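Below: a set of structures, written as structure tokens.
Two complexes follow with chain A in common, the first pairing it with chain B and the second with chain C.
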Partner chain A sequence: MTTNTDLAVQFAGVGKKYPHFTLDDIHLEQEEGSIMGFIGANGAGKSTTIRILMGLVHQDHGMVRVLGHTMPHQQAAAKFDIGYVSEDMRLYRTATIDWHMRFIRSIYPTFDQAYAEQLCRRFDLKPQQKVKGLSHGQRVKAALMLVLARRPRLLVLDEPTTGLDPIARQEVLGELMQVLSDERRTILFSSHNTLDVEQISDSITFIDRGRIIDSGDKEGYLDRWRRMRVDVPPGVSLPSLPGTIQKASTGRITVLTTNSFDPAMTALCRDAGATVHNIDRMTLEEIFVANVASRREGVLA
Partner chain B sequence: MHSGITISQSDSRPMYLQIMEQIKQRIALGDWVPGQEIPSIRQLAVELRVSVITIKRAYLELDREGIIVTQHGKGSTVATDPDLSPRLYDQELTEHVDQVARLGELLGHSPEELANRVREAADRLVKEHV
Partner chain C sequence: MNFNMIRLLVLKDWYLQRWLIIGSLVGGAMALAITVLTGKAGFFIGLILLVTVLVVEGAQLAVSTVITERKEQNLAFVMSLPISYREYTMSKILANILIFLVPWALVLSGCLIILLAAPGAVHGLVPYVTIMGAYLLVSTCAILCVTLMTESQGWATAAIIVGNVGFNAVGYLVAHIPGIAATMFGVRVLWDSTSIGIVLAEFASVLLLLTLTFLVQSRKTDFL
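And then the complex of A and B:
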């Protein structure tokens, strides 16, 4: 196997078995300088995958490389290059934000105090405030500030925008994009908020029931997926259209979802005697839901 | 440089098309002049909080249409002779007109009636602008 130095994250054939959950044959690649959105329902395996990436959970088999470090063996070295924020991130309740800043600075020599203070202002955080007095949104922003100020090459964020109000969400997304102005820095974030993922991600990976069901660049997804409404008169049968994921008919109208849209499909339908009435683009959320539903039911021919 | 580009989430068109349209507008209005350097892909991504790949897509299409010139590692400039003939909109217009024709057929309108309706709509728009 060739080692591609431009990959920030690489998983090959990674698996982990628990009594009630199995993460199965995970393949994942993320280029340096990009943002990947990791989308899955609750319990789909997002956090387990992320914990394996961080070396917090050891895989049963398979290869994991993060910024050139082999995980979990080189996790100590990797941790200096990775910034990780998760929902269950514990800050010391009775300590102030400023105390946390000094604490992190004592561990990570790259901690940039001026940048940290700038982030506090932008995030509307007061360094002298104690953690126990912070709201949920402020805690998330404080945890993010502590990680961002280290300027890690890879940021791994588990549900960074969950529970944030619209203003805080935009502040966080804006700060994440700011990181990307340095083209050697990479962000991987998991979310079930597909709107955030749709807005800022370059590539998208869908996970369901411990398996990766699809992975690719965002523009490609939005380009290929369409929902079509076709009028199929009695006696006419719809030609088989490539990439049909879902198909449902009521009366003369058939609604079908394709993941390989081609404008020529309109002509194909017309030649068969059917008329395409609407061709709608789909949001990432609609694509995700259709994708999961079809995989769970078994793909149509 | 602030691009002044805005993205609307309630706009059903993809983000890259919205960005293309607004860049063309700035060039058509003379805000951005031929040969002028425009924000880099990453700069614009950070400013608009939109993924790099989306901006890349918009720039690629604009490059293909001869509106901007992107040189690897050197950023992008407005083309010296930008061709603003709206090929892309033309395609979009065709799709909408097709939709009008289909709906007209559904409602039993004759082609003449449809043509009149389109003319009325255009007249209304002219009046709004007065």
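And then the complex of A and C:
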């Protein structure tokens, strides 16, 4: 059982209203030492949720605790142990990477200079280079280097791989994989790119239109979600199958998507006179798209 | 309040604005030299340059430390550091005021020394110049106040324009206050109650503007 003290992140009934967007009744828990992928389409509310987590935006209502600190009031103490990198974060363009390293080192005594230099070499960053001369990928890597070298307890990464070329993305994800070997490290990784999230996360939370629509461990998702192709002869009707969230028929063929797959479903179909042709595992992207589509259609409401 | 973090953020702004500080110091020193060394015409050109240096520095500071920081998306980086928004606001106020005070003190003290020590200088101008110097400090604080509260280039520009127009208006009005007008071109420095009252009111305005900025900013809930 998870106690409150084991939770790195805890949202309870959190809401925030803007003129054209509402973040509604967010409940979210992340255990220390876990890697959570936070997936949503553009404008779904990922960044707003993360900004509330960081204390940069104050929630209208609800409780937020991060590493035992109540947000936003204890944000200064909390942020000492949080490393935050977001896609829309920029370092000072007229200063060098080395100046940024010295600046961060003056704030965080835990800053590991040797590790920072090692990361610079691995990311092909030159400390004497000014930020204005860096490519987008290099800027993201520089921001990540500054954060990783502090060895924060909680890493909050808001779309860090957005806009990166495949090589830079792989380098960034590779470095994050290295960081994951430290089991005490907690990572919250938001992205609309499910492939990136799938590579490194052990739990997944989906958000859509300002609401958390599903949350659970990644393997559980991949095990539970299936797409079944069933031959349904005329006069036969399919039995009610648990967790069916999408059903599309063309002639005799019906394609079912379920989020609660059980091998016994095959027997249920057979007993009803239908034949199951295929049972396909779904990728995280397919699960995400199906989940969002069904919620929007109100199937799971 | 984490004063060590505030100190580090102030030092950061000092470093990032180092060329502006150096430029305004060099510009101020050159304008002072022109005032002293180039005769009567040079005296007035030098005064205009001195005012220009301070006006440009005050306006440029607020824009580059607040608006540019937001526009170039550095704010997310700064606010990811272990600070609250109150500490961020405090650091911005201190950085701007301290940076501005360096050339301001140089220029104002230079002007006053010239007025008191230069051969043939009109000593009676000392209260008037002090009032106008203090006005530039008030104007810079007002620009900072508007810029921090609105974080808008448009409002900052409006504040800069109002501050500049205000300089001419205040200069004209103060020069026509009977007590000041009667003595400003005299050979003696005469601080009457009107002059002292205006200078005190100006410094009170500085405190009021900065306190107001801090209090309003402390109540903000969204920073990005």
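One rule holds in what follows: the second predicted complex is superposed on the first by the 296 of 301 C-alpha atoms of A that agree within 3 Å, B and C clash if a C-alpha of one lies under 4 Å from a C-alpha of the other, contacts with A are read in each partner's own complex, and residues count from 1 in each chain.
As a working rule, a contact is a pair of C-beta atoms (placed from the backbone, for glycine too) under 8 Å apart; a residue touches a chain by one contact, two chains touch by 3 or more.
Note that the coordinates shown come from a computational prediction; the quantities given were computed from them, not determined experimentally.
Undergrad: Using the overlay on chain A, decide if chain B and chain C clash or can fit next to each other.
TA: fit
Undergrad: Which holds for A:Ser86: it touches chain B only (first), chain C only (second), both, or neither?
TA: After superposition on chain A, A:Ser86 lies in contact with chain C alone.
Undergrad: Using the superposition on chain A described above, determine whether A:Leu222 touches chain B (first), chain C (second), both, or neither.
TA: Only chain B; A:Leu222 stays clear of chain C.
Undergrad: Quick one: classify A:Thr257 as touching chain B (first), chain C (second), both or neither.
TA: neither
Undergrad: After superposition on the shared chain, which partner residues are touched by A:Ser201: those of chain B (first), chain C (second), both, or neither?
TA: After superposing on A, A:Ser201 lies in contact with chain B but is clear of chain C.
Undergrad: Thinking of the overlay built on chain A, is A:Arg281 touched by chain B (first), by chain C (second), by both, or by neither?
TA: first
Undergrad: Regarding the shared-chain residue A:Ala76, is it in contact with chain B (first), chain C (second), both, or neither?
TA: A:Ala76 contacts chain C only, not chain B.
Undergrad: In the overlay of the two complexes, what angle sits at the CA centre of chain A between those of chain B and chain C, given in steps of 10 degrees?
TA: Seen from the centre of chain A, the opening angle is 150 degrees.
Undergrad: May I ask you to name which of chain B and chain C touches more residues of chain A?
TA: C
Undergrad: Give, as a whole number of angstrom, the minimum Cα separation of chain B and chain C in the superposed three-chain arrangement.
TA: For chain B and chain C in the superposition, the minimum C-alpha gap reads 26 Å.
Undergrad: Identify the overlap between the chain B-contacting and the chain C-contacting residues of chain A.
TA: none
Undergrad: For chain A, which residues are in contact with chain B within the complex?
TA: Spelled out, the residues of chain A in touch with chain B are 33-35, 170, 173-174, 177-178, 180-181, 183, 195, 199-203, 217-219, 222, 275, 277, 281.
Undergrad: Quick check: in the complex, which residue numbers of chain A touch chain C?
TA: Touching chain C: residues 51, 54-58, 72, 75-77, 79-80, 82-86, 88-95, 99, 103, 106-107, 143 of chain A.
Undergrad: Can you name the residues of chain B that touch chain A in the complex?
TA: By the definition above, chain B touches chain A via 9, 12, 14, 16, 42-43, 45-46, 49-54, 57, 102.
Undergrad: Using the touch definition from the top, list the residues of chain C that touch chain A in their complex.
TA: 2, 5, 8, 12, 15-16, 72-74, 76-77, 79-84, 87, 221-224
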